[in-house]
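In the part that follows, the structures are each spelled out as structure tokens.
Okay, so subunit A shows up in both of these, paired with subunit B first and subunit C after.
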Partner chain A sequence: MKLWPVVSGVARRTLKNALTNPQIVLPTMLFPLFFFTAFAGGLSQLRHVPGFDFPPGYTAFQFVFVLLQSAAFSGVFTGFGVARDFENGFAKRLLLAAPRRVGIVLGYALAALLRWAVVATVLTIVAFAVGMRIGGGPVDLVGLYVLAMLVNFCGFFWAGGMAMRFRTIQAAPLMQMPVFLVLFFAPVYVPLSLLQGWIEGVATVNPLTYVLETGRGFIAGNPPHVLAAFALAIGMGVAFWWWAFLGLRKAEAAGG
Partner chain B sequence: MEADNGIEVEGLVREYRKGPRAVDGIDLTVAPGEIYGFLGPNGAGKSTTVHVLTTLLPPTAGTARVGGFDVVKEGPKVRTLIGVALQEAALDPLLTGRDHLRLQATLQNVPKSKRAGRAEELLHRVGLADAADRKVAGYSGGMKRRLDLALALVHSPKILFLDEPTTGLDPQSRSALWEEVSLLRREAGVTVFLTTQYLEEADVLADRVGIIDQGKIVAEGTPAALKAEIGRPSLHAIPRRDADRPEIEGFLARFGEPLESSRDVAIRLRDGLGLTDIVRAVDADGVDIADLELRAPTLDDVFLAKTGRTLEGATEEAAVEHGAGG
Partner chain C sequence: MRTARQPASFIPPLIFPVALMTVNAAGLRSSTHLQGFPTTSFLAFALAVPFIQGALFSTMNAGTDIARDVQTGFINRLSLTTLRNWALLVGQLSGVVALGIVQALFYLAVGLTAGVHFASGPAGILVLLVYAALVSLCFGALGAFLAYRLGSGESIQAMFPVLFVFLFISSMNAPRNLIGVGWFKTAATLNPVSYMIECVRSLIIVGWDPEALLLGFGFIVLIGIVSLALASRALRLRMTRT
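Right after this comes the complex of A and B.
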């Protein structure tokens, strides 16, 4: 019993829905572009804050955040789709037809990744079109996008795990809000070294801070704590994969 | 134990955490190539049984083997053997009929080269070729059910589970589906486990029938054997006026035990009596009756004899207690 037919079938169907229905594709595409425009454009004067030192410029500084944010949210939005599938009963078809059900979760995860790849491509083109400069080489850029992929997996496995436990789209705030908080409790607008007060304390213990700093380092060409960032991202990915797997078991026990 | 495409169930129980025992220790065997009708009112446990046998729900206790494989320990193997059309068609409103067939064929690992052809064949077979490229959101209830049946057949399953497949279908579509099910058994030797609340459906299609009520199988056998068990026909008298009803009830009580009926006055005839005996007595006593009808036993009579309720009455009761669902 092969796993790939289930993975590819679920991924193709989920991706088709995500990319051909305006009500699904528009938020996925517009959110990151809006944030990129608002942050990189509207807040660009922050580069003049004393101590702000990011040679490629504020556009690149914000690009990395928005890239990671889009990766996380593409995962979360795919989780919304999982919840909808359970709510309208379509998940029953998948559970009945898939010999190996773990393939269903992996199929959704692959769809989340491909969905994000489309967004990331558009975002990257827009960023270069508005004059983003980078200091890193091709290997650094690969590192950045691989980190973002891992964030995408974390976002999906978290949201998918919730979706399979609650099996209703009403759980959407529970899927989105923690991701939103983790993202915005990282050093979004200025580096960690310039944060003060409680936000500095929260950002210091936020694992995403290290992923974000490493990502920004990749685009600048001098990534800090690379191993720690990858270890954190992979560790969270494995933990959330387990969370999603247990969610699948809950959904199976409930009969879809 | 059936090693190919039979079904064996022993002591199957399914309890819901805050609900009743939906399936309460049922035993049943379906032979390979047999059409087994599972008859009962809403809420009797039919759909829950199907969900367990198709690996959608784990049983609370008992064992079930489908195609020789245990539904709990060997779920993946069971799923490769079976086709399932659930009571509520599990479809994605954003996909077209053809998309659904392609997806199902992919999930079931139908060879890539055969997927398009198989989809086309099934779309024609269920009369959806013209609507194949329309989104399912625009399909009627009947079209959704036909698509659901086509999806269940994509990988040429050895065992087919149909959960109330004709509910909501017009008579023409219902007959077409009956024909299709008979054909599948006749030409491909498919075993069919069919739940229904329609007596006629069980009577026409099923080789054997299991009657389930409140989670327990109350009768099982061929439709003919079950009806023969009841044996005696029922007599139905239609009063000319409502006011005549008590008199007719008293009159007919001499010929058999009364049956519950809201529309007419009915009795189960005692052995040895026929319609002519009653007609003679009506003439002799001058009883005013608009019409008299002798009915051979039906599966509803079997249900009544086993549960003390008519199937229709039990369905209404269940609807009041639990809402819809089986």
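Right after this comes the complex of A and C.
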């Protein structure tokens, strides 16, 4: 039995819902732009803090964080759609109709990726329009976007796994809050070396810190710990993939 | 009563602004090293933000609850009674104000426990509570206007990012004199939310600053008058007896 018709069908339907409904598309598009504007615009003087050394400038420094954040949240918002589909009974029909149910999860994941691609394109255009400078070459930029893509998969597989376990949109805070906390417990505003107090300890053990630092390194042209960052992102992706597929089994056992 | 019965209505406005403030205060501590930064404690600087952010949540909560009344036909049934419009509006907004005061007391307790010193003393704390109630009332009226006008909870939720723009493009994370990007500084200067935050902030880190207080109270009273007028008009249209 072919997998692709299920994957493409679910992805097309999810993407159509996500991109044609203003109540869904607006928060997805606007929130990353707000964060980028508020951080890159409002906090640009942080580049003068003693010890802050990021040659491309504060706009590029924040662009990487907001790009990764938008990747994670595009995945989480797609997870909301999964919960909604279970809540209104659509997922039950989908489970009955799909010859290979694994395609349902992959379809949602593909939709999450394409949804983020739209956001990332707009965000990148805006960043260059406001004068973002980059030090890295094309290979570095590809590295940055691939890293963000892996974060998008992690965000979706986490939220999708939760959605398939709880099967209600009331679980949205459970999908959203951990992702929000992991993102903000990383060195968002200044490099890790300038953090002090409890946040420094938390950021040091937060895997996203290394993904973020590598992403910033890509844009500056000298990425640190590339292998570790990709290993962490792929490792988390595989773990959350497993988490999502176990969620699908639970949803199947519960009859959708 | 309705707010008290729904933990989802009062827990996020209490927890979320404090969580964001804690993370921001830790992450942005180094900005106190910038020349011209008004205090050595970023937590004291950031404590003003939850008061306004919490009020934004009040707008959404008031709006969503009222929109539900519109959607379920409760407002239509009320229009069959002799209930006066202003009594309905006052009743709905009193819950928002009560929640606003609870939020303010919670933020104050968090700040004082974390060691923030109020430069304006106990009288300043009292002024802060009055201001928080006023902000809740005015933002609640704005939420009520949106709800009566749009009549849909989903539409109110969709307005959330729009309201958040005002918070984000303000002096919430940096004093206006330290905002380096020209257009952002101009936008923050034109944004009334900057003056509301600076009003609360002045009580915490400066003491008694007549200019900040006058601007903060002035803007919120102005927003309140406009919001209440719009909400009354929208309610009158919604309650039209036919």
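The rule is simple: the second predicted complex is superposed on the first by the 256 of 256 C-alpha atoms of A that agree within 3 Å, B and C clash if a C-alpha of one lies under 4 Å from a C-alpha of the other, contacts with A are read in each partner's own complex, and residues count from 1 in each chain.
Quick note on the criterion: a contact is a pair of C-beta atoms (placed from the backbone, for glycine too) under 8 Å apart; a residue touches a chain by one contact, two chains touch by 3 or more.
Everything numeric here is computed off the predicted structure, so don't read it as measured data.
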Room on subunit A for both subunit B and subunit C (clash or fit)
fit
Using the superposition on chain A described above, determine whether A:Ala98 touches subunit B (first), subunit C (second), both, or neither.
first
Using the superposition on chain A described above, determine whether A:His225 touches subunit B (first), subunit C (second), both, or neither.
neither
Applying the touch criterion given at the start, work out whether A:Pro27 contacts subunit B, subunit C, both or neither, answering first, second, both or neither.
second
Which partner does A:Val49 reach: the first (subunit B), the second (subunit C), both, or neither?
second
Going by the contact rule set out at the top, does A:Arg249 touch subunit B (first), subunit C (second), both, or neither?
neither
Cα-centre angle that subunit B and subunit C span when viewed from subunit A, reported as a multiple of 10 degrees
90
Minimum C-alpha separation between subunit B and subunit C after superposing on chain A, in Å:
14
Interface residues, subunit A side, partner subunit C - complex:
22-23, 26-27, 30-31, 34-35, 37-46, 48-52, 173, 181, 184-185, 187-190, 194-199
Listed in rising order, the residues of subunit B that touch subunit A in the complex are 51, 54-58, 76-77, 79-80, 84, 86, 88, 90-95, 99, 103-104, 106-109, 151
Residue numbers of subunit C touching subunit A in their complex, please.
12, 19-20, 23-24, 26-31, 33-34, 154-155, 157-158, 160-161, 164-165, 168-169, 171-174, 178-181, 183-184, 188
Residues of subunit A defined as touching subunit B within the complex:
1-2, 5-6, 8-10, 12-13, 16-17, 21, 85, 88-100, 252-253, 255-256
